[in-house]
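The structures considered in this document are given below.
Below, chain A partners chain B and then partners chain C, in two separate complexes.
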Partner chain A sequence: MELLLQALFNGILLGGYYAVMVLGFSIIWGVMGVINLAHGEFLMIGAYGAWVLFRVFGIDPFLSLAIIMPVMFGVGYVLQRVLINRVVERPHLISLLVTFGLSIALANLFNVIFTADPRTVPVSYNGSFNILGMTVPIVKTMILGLALLIMFALHVFLQRTRLGRSIRAAAQNKNAARIVGVEVGRVYAITFGIAIALTAAAGAMISPVAPIFPFMGPPFTLKAFTITALGGLGRIPGALLGGMVLGLVETLLATFVPGVGTNVGIAASFVLLVLVLILRPQGLLQGLRPMEVE
Partner chain B sequence: MGFLRRVWRLISANGGIYSWLTLIAILALYPLLTPSGAALLTATQLFMLITVSSNWNLIGGMTGYVDFGHAVFFGIGAYLMGILVTVVPDYILFSPQLGFWQALPLAGLGAMVFALLIGVPTLRLKGPYFSIAMLGTFVAMREIIRLLKPFTGGGEGLDLPPVLNRTRDYYFMLIFMGVVVALMWWIRRSEFGHSLLAIREDEVGAEMRGIDTTRHKIIAFMIAAFFTGVAGAFWAFQNTYIDPDVVFIEQRTVEMVMSSMLGGLGTVWGPPLGAFILYMLQDLVWANFYNLHLFILGVLLIFIVLFVPEGIIGTLGDRSSTSLGRLLSRGFNRGERTMEERA
Partner chain C sequence: MNKILTLIAILAILGGVLAACAVPGGGEAPAGGEEEKVILIGAAVSETGKYAREGGDTRKGYLLWEEWVNNEYGGIKVGDERYKVKLIMYDDEGDPDTAAKLTEKLITEDKVHFLLGPYSSGLTKSASAISEKYNMIMVEGNGASESLFVRGFKNLFAVLTPAGNYTESGLKAVADAGAKSVVIAYEDTAFPTSVAEGAQKWAKEYGLEVLAVETYPKDVADVSGIMSKFKDLNPDVFVGGGHFNDALLFIRSAKELNFTPKAMIITVGPSNPKLVKELGADADYVIGPTQWDRTMSYKDEYFGTAEEYAQRFEKKWGEEPTYQAAESTAAALALQIAIENAGSLDTDKVREALNAMDVVTFYGPIKFDETGKNAGKPMGAIQIQDGDIVVIAPESAKQADLIYPMPPWDQR
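== the complex of A and B ==
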């Protein structure tokens, strides 16, 4: 019983992280129709950013978000203008191939710069305390809190601000948005920037509790796709639901199936994905559709 | 005159396959020059790249379903070979030496069955799900192989009985490559191949015309998986050692995608030409910037996709691929999205 409660709690912590990790992937797909296969690589870049800032300047990984997010927003903005904009209106085949090439190039570039040795960010408060017989890991709880905060802020931004409304308009109907005066090109670039900043932030957040290495990306891309398949595109509640399902399944499997170790997450995520595609290809909520039907 | 023209048309139409068979015949003479084992191995590896790229092209190029994890079939073939010749008791196989020939088709069949299991849920859907599901299959399979320690040796891998014979390897791979590419040529011209092209150009339209698109896609996928599995099994035996990190490397898929894109997506002669150029190019890059070579490959892939999406054969004006070129370079307005909604 205690084991079950602990597993459920860990699953929720992991699920919250997955929910914030998937946002960037889900926004880019939902708004631009581009599936970003380099998602995990941007997460990896964020993690390395946190590692460099911690090693060189001693900046805490959670504080370093204030530096990493604006920088990665700029990177995303420029990348959309230079590269992604050329493939937005072309068939999926093209954007898949381009982002696949990007993911290979980025992972191997970082492999050359930082070598394949796994890095860690050893923060001083990385420990845990006990409440009611349950172990509460400090960093992971902070990650969950921050994840919820980010999701709330993004929700307010998309619903309440003018720019957020422009993004939703461009996602729903590009041509109509253009007619009513939305600069779709600029909105796409900003959206991509925001998505990349969120993804890199997710990478920086996980840096105290996960090893950082150049090829850490692909499992995250796979998990992002699974969560999107579970929860639907571009929806924050969907991301939360999908993330929680994956987080709980992963943790419960790792706790109760003997001998599977830590790699069970990827296998579990894959099996879940195939199950979703067989049973409910439209997803658990509204599923794999654009944000609104055009 | 009319007769002569018809003869000319026949020759020019079949010129590709005759040149191909001639090339195979010439290459078959190469071991008579008593080359070194290393030279034979290099040639064998090039043949293998051509074979797997042609198979990738069947599903990725002709059918238009880009497979980002095709190396998984290579890996499954390699592991089935490894398991069959090491773990399975002798009474199933004749002997370690002959067992190799027995295990090759079994490994291919295993890969084919796996393709069926993956293809049924993912190829039923239109659009990009297949591509990402395959990427996932690849990443997951590496971990699953690690978890299945009693059969696969986990992270420590498996040692296969070393039966080195470079000349035998050379001839096997040469014939295998010759047969596979000739088969692709035949498929491209058959009704089945035309149906695949129709699916690529306009899947809903193909469905309206009575093509069972799901069945066609799955069969193409299974054929591609079978030959890739056999190639993987052969590679495992030739390499005499397998573990998850040498078998399941992303580079294999990247090379298949690159060869097909470089030579001409969806053409018969594109992947062989592309694989040959890529092999030479990699040699050059390897010699000069060993560490950066995958980075360079990734950047090159982006450039090819953006600027020469039809590849070499397509750009040089092979009529058969121009419709694909139009499809790739035309900016049609989220045409795929509406298809998805219907799915």
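== the complex of A and C ==
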């Protein structure tokens, strides 16, 4: 019983992290129809950002978000204008090629700058405490709290603000959006900036609990792909649901299947993916756009 | 017109970059005149990918040997002649298929005479399958899995202690200190699997009860499922089989879930000073197997003592040698000794010399059994104590006693 509670709690912690990790990927895909294969690399950049700020200036990784997010927003904005904008509205294959190239270039650039030595941010409060016989890991709980906060803020932004509405409008029908006066190019650049800032934030957040190295990205990209397809494109409730389903399935199987549980958990996530693609191609929740094959 | 110019400019830049990349590392072509005798030695070693860290150590070990043999030693002695060495290395990206492809390229296109191994058992497994096919000798120092040596290959030689024996000295030490039970988690690839199989065997041998054995896949991001299950079992000893990143993950995860076994034995990570640098006090009391340490009492006529080798390495690379670097140098040295003993570059003669080899190097004794493993070399164990890596076994190189049990996470 205690083990079950612990497993559920671990699953929710992991799911919350997955949800915030996937947001940026999901938004770019949902709004621009671009599958960002360099997603994991932007996460890696955020993690290195937190590591540098911690090692050089002693800034806590959670506080460093205040620096990393604006900087990465700028990076994303510029990158969209000079690179990604050229492949938006082209066939998927082109954007896949561009972002794949970007991912290789970024990973190797960081390998040159930082070497391949795995890093981690050893924050002093990275321990745990007990509630009702459950072990509560401090950093991961903070990540969950912050993830929920970020998702709530983003949700409000997309639903209530003028800019948020333009983003949704551009996602749903860019021609109609243009007709009513939405500057689609600018909206795309801002959206890309937000997505990259969120992804880098997710990287900074896990810097105290995971090894940081230049080639950490691809598994995250793969996971992001799975979660996005599970939950539905470009929508925050979808990302949350997809992340939670995956986190809980993985953790429960890892805890209760003896011997090969962790492997079974990861295999199960792909079985789920296939099932969802067959039975509910729009994702568990209706996404911003259908997952059409172009 | 403008577009054409831009295109030409881009092509020119690309061409330049490609040309720069194409120049193989190490050694330049002799500047005309008298022809130099050169032995080409090839290796596919990770520069990127999951094993980028350990692959870097491997490269540094090989390059140190290359520089030494060419500049200080004066070239490999073959009969009465001296041969310079030219090392050709490619990046296998941590991918077994790429390692196999590059090995084939080294053999068929670069026409290397001999091969050195990649980093990790998995990559060695695929690379050596190709070298065996072409009847090429591969001496390796970073593939420890027993599964490499049950395939009946006659051209693969490993200077390191096989993976099954990695945890022997560590488990013996904790069993002597009173441990009764053990749990094991390992990555489901070749090397950690051998480590875990060996750990179960040695646990039984030293009277430890194995409470659970868990596997996880190569790119795992979270091991909290395994760790909370282990916490529930409350074992005395945790054994983790994996590579450097996994050591970080295990220690982080154990602390987060307040899983406090009395000892943690983890492969690959703990013997590397960089783990201590990253984890600080959390790395304390972790025990790790070590193939080699600079304090060990081995020496040879080539690199001198283990300590002298370490100093040479520090001078060249500005960092302490890990055992992965030392065993890579040792693999190259074993190949050199075999070529010199054979007095020939002929594969059959060098193979005979390798089979007959019985030497002690700065790295330890090297004597291959009939499958190509280095059977005679014992494995050491280290423990991280107060931020220092100290040898706790074997007896002959011991610097300090084992600290057991390790204190809980919140009492440090």
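One rule holds in what follows: the second predicted complex is superposed on the first by the 262 of 294 C-alpha atoms of A that agree within 3 Å, B and C clash if a C-alpha of one lies under 4 Å from a C-alpha of the other, contacts with A are read in each partner's own complex, and residues count from 1 in each chain.
We take it that contacts are C-beta pairs under 8 Å (C-beta built on N, C-alpha and C of every residue); 3 or more make two chains touch, one makes a residue touch a chain.
As the structure is a prediction and not an experimental result, all values here were calculated from the model.
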TODO: Would you check which partner chain A:108 touches, where first means chain B only, second means chain C only, and both and neither mean what they say?
DONE: both
TODO: Check the residue A:14 against both partner chains and state whether it touches chain B (first), chain C (second), both, or neither.
DONE: second
Task: chain B versus chain C as contact partner of A:127, first or second or both or neither - done: second
- [ ] Identify the partner contact of A:255: answer first if only chain B is touched, second if only chain C is, both if each is, neither if none is.
- [x] second
TODO: Could you look at A:83 and tell me whether it touches chain B, chain C, both or neither (first, second, both, neither)?
DONE: first
Task: Partner chain(s) touched by A:30 [first = chain B, second = chain C, both, neither] - done: neither
Open item on the list: According to the stated criteria, A:277 is in contact with first (chain B), second (chain C), both, or neither; which is it?
Closed with: first
- [ ] Identify the partner contact of A:203: answer first if only chain B is touched, second if only chain C is, both if each is, neither if none is.
- [x] neither
TODO: Go through the superposed model and pick first if A:269 touches only chain B, second if only chain C, both, or neither.
DONE: first
Open item on the list: Give me the intersection of chain A's contacts with chain B and its contacts with chain C, in residue numbers.
Closed with: 107-108, 111, 218-219, 260-261, 263, 266
Task: chain A partner contacts - residues on chain B that touch it in the complex - done: 64, 66, 68, 118, 120-122, 124-125, 127-129, 131-133, 135-137, 139-140, 143-144, 146-147, 250, 254, 257, 261, 291-292, 294-295, 297-302, 305-306, 309, 327-338, 340-341, 343
- [ ] In the complex, go through chain A and note every residue touching chain B.
- [x] 33, 35, 37, 83, 86-87, 89-94, 96-98, 100-109, 111-112, 174, 218-219, 221-222, 225-226, 229, 260-261, 263-264, 266-267, 269-271, 273-274, 277-278, 281, 288-290, 293-294
TODO: Quick one: which bits of chain C touch chain A in the complex? Just the residue numbers, please.
DONE: 47-50, 52-53, 55-56, 94, 188, 212-217, 219-226, 228-229, 231-232, 244-245, 248-249, 252-253, 255-258, 274, 278-280, 282, 409-410
- [ ] Give every residue of chain A touching chain C within the complex, in rising order.
- [x] 2-3, 6-7, 10, 13-14, 107-108, 111, 115-120, 122, 126-128, 130, 135, 137-140, 209-211, 213-215, 218-220, 223, 250-255, 258-263, 265-266
